[in-house]
Amino acid sequence: MKTLLNVLHKDMLIEWAARSRTVALLSFAYTILLLFAFAIGPDAGALRLHAGAYMWLGLLLTSTLLLERSMRIEVEAGALSKLLLIPIDPAGLFYGKAIANTLQLLLVGAFSVPLIFVICDATLTENIGWLGLTLILGSAGLAAPGTLYAAMTARLSGSQLLLPLMLFPLVVPVIVAAVKATSLVMLGDPMDQIGAWLTLLACFNLIYWSLCGILFGRVIEA
Amino acid sequence: MARVDLEVAAHERLLIIGPNGCGKTTLLNVLSTLLRPSAGSVSYPGLAKNPRKDIGLMGHDIGIYEDLSAADNLRVFARMSDIDPAPIRALLATVGLEAGDQAVAKYSAGMRRRLALAALLQAQPALALLDEPFAQMDPGGIAGVSKAIKALPGAVIIASHQVQHAAPLATRAILMDCGQIRWTGRADQAEAAWRALHHERGEL
Amino acid sequence: MKNRWEIAIGILGFLMLAVAHYIGLFVSPAEAMMGDVGRILYAHVPTAWVGLLTYLVAFIAAIGALLSGKAAWDALVEASVEVGLLLNAVLLIQGSLWAKPTWGVFWTWDPRLTTTAIMVVAFGVVLALRRQIDDPQRRLTISSVATIVAFVNVPIVYMSVKWWRTLHQNFSSPETVDPMMVIPLRLAAFGMLFISTAFVVRRWRIAMAGLRVDFEAPDLPAAPTPLKVED
């Protein structure tokens, strides 16, 4: 637990020190959302109908850059070897980094939402709390396997291609559930289905936050 | 790497020399426990049950966060290893660095190595492994690094090409060639051993 | 040719498959709703079963490899993922061929079909990773972890796609099976199982031949001659 907080603190410190990169990342997310609008629009109806899908695809594409970077800072100058010699508790390292990544994804999500509402003319039919919960569960669902996979590919030559290649098929359930839940919040949920999708997201998170925590130690030792 | 049979005493200063690709870096990585040998074993009778805590490594990748300042790097590692982070300014002064806000990414090769040595001084390892501490360094940097290495408390193993700079820091030296130890002797003879290897290969 | 029992099993499997398809194509009654098209069932269903079974073997082998660090388990991961992928690809082609006359399209977002398509990528990546990593222990660890995560993902993807579809509209085709159809199906399933076992074992031997060199420590060279250094 102490390791977790130390790692989280360290990652936040680095993100703050390199905040210009975070700004670039947010710009990337914005650009993707704008491009979706250009590719689909100017049919306002279609944009409004699929606003949730654009938001999550934008977040997914941004997440691969973010996750890759989060592990690159550990290996680019050998900091990971130093952590291993402390010796650091691998579970603490994983959960610290995964939570740091979740927070950054949430930041990207929080920036995307207003833009989605503006450019897609999206409406808010259900309680906005559901949208917040979807964002948290969805970001966490991308971050847990993403952190593990980033560690697996960090020292490989094709890491920028391999990471999305591994991550995308894995997070299909996250995208399906998060897009559905987001769309229901925006377009209305007459049949009370949001709960089911959020349950799916929660189950996914439960499985991968525990599984990846167990496997992470082996991966960083390798 | 093939056959290495080596014992290092506590507080000993050992120099490893040898041509490129002779196994110096591999040996250091094995000694650091980060690389598992495919055969044979390493034991650390003088160290704790989990020897990692007592081992410090400065490899080609020196083990820092590029985006943080020197002081922040030391602070982060101190926090993670439960060390008192108070004397950071003094530590940096020892290796001739200032505690500024500048990110390490902007440091020169010499400054980076001096920072890595400050981190080792902070961790006080019983066994410090240094891989090419003098690489890409100007004379001022070499003096600073030498001073910092002398200040390390435990046993120190240095792998280096710069025999003339590294030999004065060591007592004993070994010469490796093709993954094997070809010569063991006093550190002040290291340069002679180096010449003998070249002579044997017909390069001089 | 000692220890080559997998060839015998493979041939047996092919024979069983041939008999099963003869019965399935000429003896059994046509499927009630789909007619003769439904006879692809005898090829399709066994491929699906055995394909999943092969991935299960890969999953178990990956756990074994992680726990033991042994080359034999690592080779089994490589062998079973590769054969599983082959069956997976065949399954996708069969599925599309079946979908065209039945549903009028090559592709539908049926949960099983979609999950199958995703599995191809998820397990294909395992092989891509293996090609990327030279260090044998690292390759073992990374590819085992990828295999475990990919396998755990299969039921979750299936569930999510199923919900995704069924919360929209129902697209299930109830299958009532004639007992005369059960015999060729069972026969084909075991035939497929035998063939795949033969493939996996064969592939395992090939992988072992390569990995054994990687994992074993090389012979020590002769002790070096000490260097003569003048004082």
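Letters A, B and C name the chains as they come in the text, with residue numbers starting at 1 for each one.
In the analysis below, contacts are C-beta pairs under 8 Å (C-beta built on N, C-alpha and C of every residue); 3 or more make two chains touch, one makes a residue touch a chain.
Given the structure is predicted, the values throughout are model-derived calculations rather than measurements.
S.K.: Name, by label, each chain that touches both members of the pair subunit B and subunit C.
M.R.: A
S.K.: Where the centre means the average of the CA atoms, what chain is farthest from subunit B?
M.R.: Between subunit B and the rest, the longest centre separation is with C.
S.K.: When the centre of a chain is set as the mean of its C-alpha atoms, what distance in Å lies between subunit B and subunit C?
M.R.: The mean C-alpha positions of subunit B and subunit C differ by 48 Å.
S.K.: Report, in whole Å, the distance between the mean C-alpha point of subunit A and the mean C-alpha point of subunit C.
M.R.: 31
S.K.: How many Å are there between the centre of subunit A and the centre of subunit B, using C-alpha atoms for each centre?
M.R.: Whole-Å distance between the two chain centres: 39.
S.K.: Which subunit C residues touch at least two other chains?
M.R.: 137, in rising order.
S.K.: List the residues on subunit A that touch subunit C in their complex, please.
M.R.: 145, 148, 152-153, 156-158, 162, 165-166, 168-170, 172-173, 176-177, 180, 193, 196-197, 200, 203-204, 207, 211-212, 215, 218-219, 221-222
S.K.: Tell me, which parts of subunit B touch subunit C in their complex?
M.R.: Per the stated touch rule, the residues are 2-3, 36, 38-39, 175, 177-178, 180-183, 185, 189, 192-193, 196-197, 200.
S.K.: Mind pulling up the subunit A residues that touch subunit B in the complex?
M.R.: Touching subunit B from subunit A are residues 3, 6-7, 9-10, 13-14, 17-18, 73, 75-79, 81-88.
S.K.: Would you tell me which residues of subunit B are touching subunit A in their complex?
M.R.: 32-34, 50, 52-53, 55-57, 59-69, 72, 76-77, 79-81, 103-104, 119
S.K.: Please name which positions on subunit C make contact with subunit B in the complex.
M.R.: Residue positions touching the partner: 137, 215-218, 220-221, 223-231.
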